[in-house]
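Letters A, B, C, D, E and F mark the chains in the order given here, with residues in each chain numbered from 1 onward.
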C-alpha cells in the first residue's frame, strides 16, 4: 500500500514558461525510457520478486521514488505551459513569426486534451505502454534491463539539459541527473551482489550449459564485410563468463538446409502447384 | 546492402507438428525480446554508429546473423503447423477433448491470417513494434541494452526449451541457447573494450558530473518499509564508478514544495475557483 | 443497414485554408474523444443492446448521426488544406519565416500519406483504435461513458473554437457545440429514464451488495497528506445511492499481509535463494 | 512524493492456484478499465488540478489507494500461478485433456515473459497504454469519466466474481466490489459538490451557450427507423440542464451542401480529371 | 449524412451458439482486413476523392454497404455467444474437459468487457486501428489497395467457412463470400475504367519518368541464391507498363559508398573517438 | 541466412543537412508503406511460400533488396541531421525565427532518443508495427498487396521528391522512384504469371463459387444518393473474372431481419427488462 505527500521530492519550478520545451520534456515522462517506465518496471519487478529481503526491499524503495519523478516532471510541464498561446490563431502567428514558431513547436494535445498539462505520452505524442515493462522474475536479467533504463534515461536527460537555459529547469535536471547516476551505480552494485551471494552468475539463466551446443557458444560469425570486427575483445581470448574462448569465423557457411515450408491444410487455400 | 542464401544458419526441423507450441514460439519471433527486436536494434545501432571500425563492423556482423534467426523461427513455426486442425469445427472438438484443447491453445491468426505460417507478433498476438528498438548513438548505453536483450532472450528460450519434448525443436533451441550465451559474452566484452579504449566509462553519459548535484548522486532513499534494503552492496561502500560513496537515507523527507500547478489560459476551460 | 446522402448534416466551409488548424482538428476526428469514438461506441452499444425499444432505437439514431460528424470534419480538413505548402522546401521556408512556421505546424502525413486529406488519427498523429470503444451491455455503465465522451468532446471543441478566427470554421463549430450540448443532456436524461423505468439504479451493477464487504463500501482512505479531502460532500453524510453513510479514515492502516509471491516452477528460472 | 508499506491494503490469497483464472484477472490490472487506468488517471488529474484544496486532496487520496489495488491484483496473480503447468508439453496435455484445457486457457506471456507473474496487460495480452488516461483540467468532465471508470470496473469485477469458486479470491473481490461502490458514490458526490460550490454546472464546459446554435442544442435527429426513440425522456420535456426543451425531428434533412473537396496541390498527384 | 434501418443487409442467425467460433469471427470485424477496415477505408477515400461523379459515388455506395457488414458480424457474434459459459469456473471445467476446451478457446474480453458481445478487435484481441486505412487521393493506388482488401477478406472468410458446420453461420458466409467476389471484380473494373478514362496509367503516380533513373527501372537484382527467380515473366520481356524491358542482374554489386554517418552534435553525447 | 556489405545499394549523400526534411523522410522508413513494411512483408511471404522455385526465389531477391533500402534511408537521415540545432534553446529560437521554424519542424525523438539518427517510426513518430505485414500463403492475394505497397510507396516518394531542392537527396530519390517503378511492374508481371501457370485465377481464393450465393456476387447496391455510380464499368457488362454480369440495384432493400441480440447470461449483468 502507498502513501503520498503533497511535497515534491525536489523542486520543479521554471523561471519562465516555455511551451516548446514542455513538448520535449514529455519524453522523460511517457517515453520508452522515461519515469513511467522505471516506475512500473520496478513495481512489477518488486511484486514479482520471489525472495524476501534486501533485493525486494530495494526494488520497492526505488520504485516508490520513481513515481515521485513522474510527479516532478508533470508539475514542471504544467508550469512551463503557463500562459502558453494555446488559443492563438494561425492568422495571429502569421503576423508574429516567433509566435508561429512556438505554436509549431508545441504539443497540440497538451492544450486540446490536457488543458495545459502533461500527458502520459512521449515527445512524439505516442502513449506510454505496458510493453516497456519487463519483470521476468530473474533478477540478473531484470537488473541488466534496469542499468540500461537508467543509462538511456540519464543520456536523454543530459540531451535535454542543453536544450534549455532556464535556471529553474536546469535546477531540477541537476537533481535528476544525480539520481540517474546513483541508480546506474545502484543496479551495477546489485549485479555484483547477486554474484557475491551466489544466486546468479554471468550468463542468464545460469543453466542449460550442458544442453546447449558448446561449439556455437563462443564464435563470432563474420557476416558483414567490415573487416575490423575481429579486432575486438569479443573475437578472441577468454569470454567474460570465464568459461569460453572467443573465436572468429571468418567465412561462415550456413549449417541448415533450405528454408522451405510444407504445404498447409487444403482449406487454408495457400498457393501450391 | 544485403545478400541472402536459401540455407538456414542452423536446422529447424521438428519431428512432429505441434500447433500449440507454434503459438508459444511466436514470443521469440515478434516479442519485445525476440529476434525481430535484436535484428532491428543492431541494424539501427550499426547504421547510427559514428565510429568506423571494430564496433560498427561487429554490430553489422551480429545484426545480419539475427535476421537469420527470424528466418529459422519462422520456418520452424510453419513446420510445426503442418496439418494443424485449422479447419476443425467446435462440434468436432466437442467429441474429441484433446482436439478441443489443441484448438483452444492455437493462435487463430496463424491459420486465418497467416495461412499456416508465422506472423510478426508475440505469443499473445500483439504485433512487434519499433519502440522495442533503441539506437541512441551512445555505445555504452546501447550495449547495455543489448546484454539485456540477450539475457531476456536466453531466459525465454530456456523456458520454452522445457515446454517441448520434440527432439527436432530441442535441436534448434540448443543452437539458439548457445548463440545467446555467445552474445551475452560478446556484449559484456564490448563494454569492457569501450572502457579499455577510453571512449566510455561507467556512468552514461560520461559528462555533467560537475553540473549534477553530487550530494544526491549516491543516496538510497528508503521509501518503502522493507528494512533490508540497507544491507545491500548499494547502500554503503564505494560505488562501481569508483567515484561515489553510497549512503542510506533512512527517513527521507521531500526537498521540494507542493506539487501545485498555475491556472491555465482562460480559453482552456479548466476548473478554477 | 445504412444509407447515405451526399449532403452534409451541416455546412463545413472555411473562408480560407489554414493547414496548421487542419492539423489540430484531427483531434476531433481520430482522438480518444473524437467523432470516430462516439460513432463506433454508439454503434457497438446499439448492436449490443439486449432490449428492443426506445434505448436501442435512440442509440442507433445518435450513432448514425455521429458518423455524419466524422464526414463533416473530414470535409473541413480537406478544405483547410487547399493549396497548403506541401511541396515547399526547407530552403524556401528559410527565406520566409511565416511559411517556415506554417510548415512546422503542419501534420506531415496529411500531405505525404493523405494527399491533402484527413487521416483517422489524432492531433499527434496517433491512429484511432478500438480500445476507445466500450459497449458493456450494461446501459447505465455505458450511458455514463457517453456523458463523459460528449463532455470531453464539447470541451475540446470549445478549446478549438478559440484557436481560429475563420467565420466558416466557427460556423461549423457552433453547430458541433450545440449537438454536444444536446447529447450531454440526452445521455443524462437517459440515465434518469433508466432509473425511472426501474431497470438500473445508482451503483453499477445493481447487484452483489450482500456479498461485498459493506464496511469498506463508504470509507474515504486518507492516503495523501493534503488535509482538505475530508471537507467534501464525499467524506460524510449520505451517499448518492441513499444506502451508505460516507466516513473518513484519517489514519488508514493496511489490512492485508505482505505482498509476497511464492516460488515459481523451477523451469522458469526465477531468482530464489 | 510517495511512501510504500509492504503490507497489502487487503488480503490477496487464493486457496488454490488457478492459472486459467490468473489469465482472466489480467483485465483488472491492465485493461482499459483496470486498476492501472484509475491509478494513472487520478494521478494525472490530481497533478493537473488547478485548485488547491478538497478536490485536489481527494484526487490524491484515491489515486494513492488505486496504486495499492494494482499491487493486490499482481500479488493475487502470482499466487494463482504457483505451480502452473508452464513447463508441460503438448504431448503431456494430449494424455490429459484437463491439463490440455488448462494450458489452452493460460496466458503464455505470464510464463514465458513474466516468469510466473502478472504483466501490465489486459486479458487478451494487449498492453495498458496512456490513451486510457484523461486529465483535461475540467473537473466535471473528468469526474464524469471517473464515475464511468468505477462503473465499468465494478461491472467487470462482478463478472469475474462468478468465474471462480475460490474463497480466497472471492474474499479479495468482495473488498474490491465494495471499494468500487464507494468510488462510484464518491465521484457522484463530487459532481454534486462541484455544482453546489458553483464552479461547474450541467453542460461541460459551462460556456459558449451564446455562441452555439441554440436551435440545434435540443433536437433528437431520427436517423434510424426504430420508431421508439421518441418515447424516451430525451425526446420531449425539459432537459437536465433546465435550460432546453427536448424535441424530436422525425424526418431530418441534411442542412449542408455536398461533401466535396477541392483539388489538392499538383505535386501530391491526386487523381483529378 | 447517413440513415440506418434496423434490418440487416442479410440474415445473421446461427442455429446454435458456438463461443469458440465467436472468438475466431472477430478477425472479420476488427482485423487488418476485416469489415471495419473496408468501411473506414472506403469512407475516407470517398471523402478524399477530388472528382465529382461516378468514382466518388461508387466509393460512397460501397462504403455504406460495408458498415452494414460490421453490423451483420456483430449481430452474429452476440448470437453465437448466447448462453456461453462465461460464468463457469476452472474447477467446473476440470470435471468437464469439453467445457474446459471451450473456455480455453473463448475470447475473455467478449465476456468480461463486452458482456457477451463483439468487440472492435481481431481474433487475437488486438484493437482495430486507423493505420489500416489508406486514402491517398490517388485513385489507382487506392483501388489497388481495395482489390487487396477484398482478396484478403474473401480468403479469410473462406478459411472461416470451413471452421464451422452451423447452417446459419454458413448461410451468412455464403452471402459474404459473394459480396467479396463482387467487390474484387468491382475494383478490378474500376482500375480498368481509370485507364479507359485516361486519368491513370500503369505506374503510380504517372509522373516523374524523366526524372527517375531509367536504367534502374526494370532490373531484377539477384540478391538471394535461389536460382529460379530469372525464370519468371518479371525477369525478361516487356513490362506490364509497355515501356520497359525487364532484365536480370545476376551478380549485383552495390553502387553506393559505405553506410557511414557523420558525428552528431557534441551535446548529444554520441560515442566517437 | 544473410550476408551484408558495408556499401549502400545506391548513394545517399545530401549536399547539405536539412533536419526538417529528415523528419518527413521518416515516413519512407517506418510508415505503413515504407521500406520496413516491404522488407518484412516480402521476407514473411518468402518464408511462407509453399512452392519451391521462381516465386519463392523472386520473393527472397526483392526482400533482400528492400532491407538495403531501409539502410539507405537511415543513412540519409543521419546525414541530413548533421549539425542539427538539437541543443538550441527556445530562447535562442526567439531571436531567430528561421531557427524557430526549423526546431518546430524537427522530430524531437531523432535528437533525444536517436542521438541524431533515424528511428523505426513514421513521420508522425508512430512506430512501425507488425500488422503492416501480410503473408497469407495465397500468392495472388499477397502479390496484390505488393503492387499496392509499391504504388503507395512510389506515390509518397514522389511527394517527398518535391519537398526538397537538395541535389544529393534528389539523386537518391531518383533511384528509389525507379526501383518502385520496377517493383510495380514486377508484381503485376508476377500476377500475370500466376494466371499463366494456372495456379491462381481472378477471384481470391479460386474456390467456393458453388457455395457462395451467386445472385449476390455481381450486384452494386446503390446505398448513397450520388447517382453517377451506375455509369461505371462496374455496374453493367461482364466482370473481369469473365464469369459474372454486373448489375445495379437502384433501390436496395435489406434482406435480413432486425439486428437484435439475445439476452446474455445472467451473471454478465447486461441491462434487460
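Side notes on the structure shown:
One rule holds for everything that comes next: a contact is a pair of C-beta atoms (placed from the backbone, for glycine too) under 8 Å apart; a residue touches a chain by one contact, two chains touch by 3 or more.
Note that the coordinates shown come from a computational prediction; the quantities given were computed from them, not determined experimentally.
Contacts with chain A and chain F are shared by B, C, D, E.
Residues touching across the chain D and chain F pair largely coincide in numbering: over half of the numbers involved belong to both copies. Once the centre of each chain is set as its mean CA position, chain A and chain D turn out to be 27 Å apart. With centres defined as mean CA coordinates, chain D is found 11 Å away from chain C.
Counting only residues that touch two or more partner chains, chain C has 1-9, 32-33, 47-48, 52, 55-57, 60, 63-65, 68, 71, 74-75, 78, 86-87, 97, 100-101, 103-105, 111, 113, 115-117, 121, 124-127, 129, 131, 134, 136-138, 140, 155, 158-159, 162, 205, 207, 223-224, 226, 254, 258-264, 267-270. Put simply, chain F touches chain E in their complex at residues 5-13, 32-33, 52-58, 60-65, 68, 71-72, 74-75, 78-79, 81-84, 86-87, 111, 115-117, 126, 129, 131-132, 134, 136, 138, 140-141, 144-145, 147-148, 151-152, 154-155, 158, 161, 170, 174-175, 177-179, 181-182, 184-186, 188-190, 192-193, 196, 202-205, 207-209, 211-224, 226-235, 239-241, 244, 246, 254-270.
Of all residues in chain E, those touching chain B in their complex are 18, 20-21, 23-24, 27, 31-33, 97-98, 100-105, 122-126, 155-156, 159-160, 162-165, 223-226, 254, 258-264, 268-273. Those residues of chain B whose C-beta lies close enough to touch chain C in the complex are 155, 158-159, 162, 267-269. Those residues of chain D lying in contact with chain A across their complex are 1-9, 30, 36, 40, 43-44, 47-48, 57, 60-61, 63-65, 67-68, 70-71, 74-75, 78, 113-121, 127-131, 133-138.
Looking at the complex, you find that chain B touches chain E at residues 1-6, 47-52, 55-56, 86-94, 97, 100-101, 103-105, 107-109, 111-113, 115, 121, 124-127, 136-140, 194, 199-200, 205, 207.
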